[in-house]
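Each of the next two complexes has subunit A plus one more chain, namely subunit B in the first and subunit C in the second.
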Partner chain A sequence: MSAIASAASQAIELAVEATPDEQKANAAASSAGFAYGLAAIGPGIGIGYLVGQAVQAMARQPEAAGQVQTTMFLGIAFTEALALIGFVVFILLKFA
Partner chain B sequence: MSAPDRLEGPSPAIEVALDMVRRSLYLIPIAVIFGGLIAGTEGVLSVGYAIGVVVINFFLAAVLIGKAAQVNFALVFGAALGGFALRLGLIFLAVTLVAGQAWVRIVPMGITLIVTHLGLLLWELRYVSASMAYPGLKPKEHRHGVREPVRS
Partner chain C sequence: MSVNLFAAESETGGLKFPSIENLVEWPAYLFDGTFAEFNKIALISVLSMAIPTVMFLASGRDRVPSGLQNVVEGSVEFIDKQVILPAIGPEGFKFRPLLLSIFMFVFVGNMFEVIPTFQMPLNARMAVPLTLALLVLVVFVTVGIQSQGLGGYLKSSLFPPGLPKGLYLLVTPIEFLSTFLIRPFSLAVRLFANMLAGHILLVTFGVLCIALWRSDFLVVILPFSFGMLVALTGFEIMVSFLQGFVFALLTAVYIGGAMHPHH
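Then we have the complex of A and B:
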């Protein structure tokens, strides 16, 4: 516990001693990480719900499995676009 | 007689994904012009790389889902969610590994990733049937009355 506390205090000291440019770079790096991580949560929930319903539909009506699969694939791809937008924000913050 | 627990025959998702790959070839000249106008040769290379990432991502998603459905419907859930995490990781690696290279321009690459992903999807929607008779692509009426899935 004391090791964690000392590491945290060291991190705070380093953050206070950082120059404005370093502080800006640190803020951009952590914002980029948050943008990517948070942007993946929503699509993850969406894809989970979408696929759950699709699997249920395929189990109830196996003869419609092909039709359901096509719709599911397109739904997943559209939902994934949200995560991709988060990723693009990440690369713009980190590398641009 | 029990109901089938897996997809019989070819996967319509892979058929749709292959059609999207073919359609992405039409995007390359537009991408070359767009990338060249924004950032010259580096822009062209960055835009081309981003299109490649998007197309491989679509194809990988379709193969994972299609093959899982051919094994068992229960496997589709794991393949879809695991595939989502795997593909996000692969996109992350593919972009971050080249981000520091001299030939990469991040802004055109980022714009292309989003625009190509959504553009290809919206374009493909015009050619998808998703009906019981044609679960993948829409059929195309020929002169001799034979119906085949649309290929272009």
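Then we have the complex of A and C:
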């Protein structure tokens, strides 16, 4: 926690000397990292749980493996979209 | 605009990541500045349309398939078994040409990410996935109207049955947003962001390798960085295939949902 606090205070010290445009760029650059990091938490848990359950289903009923796999990819695609929107926000904050 | 090979080298000697314009924007080959500007992206999209077409035309029609015909028949069978049957059912075989074209276009376009001298995934520019997603939107709305009629399709997609009357005030706007806006948006963004993320990942490790190669004692880390570059290239081939598959599968799911509403 203290590391984050000292980093934040450093950022504030830097921000005091910077012009408004630089301040905005600094804030965008640091929040871009947070945006992607936070967006990755939920989908990470979700995909882990989803694939775990799919493996369990395939182990219990190997004859249904094909169908389970297709449904699993579908579920991954829906869950992953949230993380990817976070990535797009990262790109927009960092570069746009 | 020239692409600087040693963009990794900054004035102070530290690692400087190339800006996003250097990664995804390409100089025009022909017709610079006009509407018909022909650059690398246009070349790749023409190629990823032409390569599957030529493959399908050049493959033989033998009873016993061999060589190229194996690949082509395998792709048709893959679309039949993995995409159409689970998502639509046997009556979805009339969409085989559409789904196969979408899969091949997206997959071959993505594969240019790891093909040397191109090194640019087609779908890392938003225009391509967005066009495909709008095409899919038009297709599944048309299929829904054809199979259920305009009123029937709107009723089944906006008013899910079996809810108390008052809830429709809440549910109908949500269903409208999720069906007609969020579906194409997420379809396009999923493909775009996956490919752009993979492209940036490969560039990151490529830039790191160049910077380490030119440094004095940090060069001992170079094998690890290069190993990651090779491993991620393999990973990106898998992602290219998976994204083509997922795009075709979701198209089929949306078409199937429009064809028979109470799934």
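Simple rule for what comes next: the second predicted complex is superposed on the first by the 83 of 96 C-alpha atoms of A that agree within 3 Å, B and C clash if a C-alpha of one lies under 4 Å from a C-alpha of the other, contacts with A are read in each partner's own complex, and residues count from 1 in each chain.
One rule holds in what follows: a contact is a pair of C-beta atoms (placed from the backbone, for glycine too) under 8 Å apart; a residue touches a chain by one contact, two chains touch by 3 or more.
These figures come from a predicted structure and were not determined experimentally.
Asks: Putting subunit B and subunit C onto subunit A via the overlay, clash or fit?
Replies: clash
Asks: In the overlaid three-chain picture, which partner chain does A:95 touch, first (subunit B) or second (subunit C), both, or neither?
Replies: Both partners.
Asks: Is A:67 in contact with subunit B, with subunit C, with both, or with neither (first, second, both, neither)?
Replies: Both: A:67 reaches subunit B and subunit C.
Asks: Scan A:44 for contacts with subunit B and subunit C and give back first, second, both or neither.
Replies: First partner only, subunit B.
Asks: May I ask you to name which of subunit B and subunit C touches more residues of subunit A?
Replies: Of subunit B and subunit C, more residues of subunit A lie in contact with B.
Asks: State whether A:84 touches subunit B only (first), subunit C only (second), both chains, or neither.
Replies: A:84: touches subunit B and subunit C.
Asks: Tell me which of 3-11, 75-83 or 93-101 in subunit B produces the clash with subunit C after alignment on chain A.
Replies: Stretch flagged for C-alpha clashes with subunit C: 93-101.
Asks: Return the residues of subunit A at which the contacts from subunit B and from subunit C coincide.
Replies: 66-67, 70-71, 73-74, 76-77, 80-81, 84-85, 87-88, 91, 94-95
Asks: Over in the complex, which subunit A residues touch subunit B? Could you list them?
Replies: Within the complex, subunit A touches subunit B at residues 36, 40, 43-44, 47-48, 51-52, 54-55, 58-59, 62-67, 69-74, 76-78, 80-81, 83-85, 87-88, 91-92, 94-96.
Asks: Which residues of subunit A touch subunit C in the complex?
Replies: Per the stated touch rule, the residues are 66-67, 70-71, 73-74, 76-77, 80-81, 84-85, 87-88, 91, 94-95.
Asks: Can you tell me which positions in subunit C touch subunit A when the two form their complex?
Replies: The touching residues are 19-20, 81-82, 86-87, 186, 189-190, 192-194, 196-197, 242, 245-246, 249-250, 253.
Asks: State the interface residues of subunit B toward subunit A in the complex, per the touch definition above.
Replies: Listed in rising order, the residues are 3-5, 7, 9, 11-13, 16-17, 58, 61-62, 65-66, 69, 73-74, 76-77, 80-81, 84-85, 87-88, 91-92, 95-96, 99-100, 106-107, 109-111, 113-114, 117-118, 121, 124-125, 128-132, 135-136.
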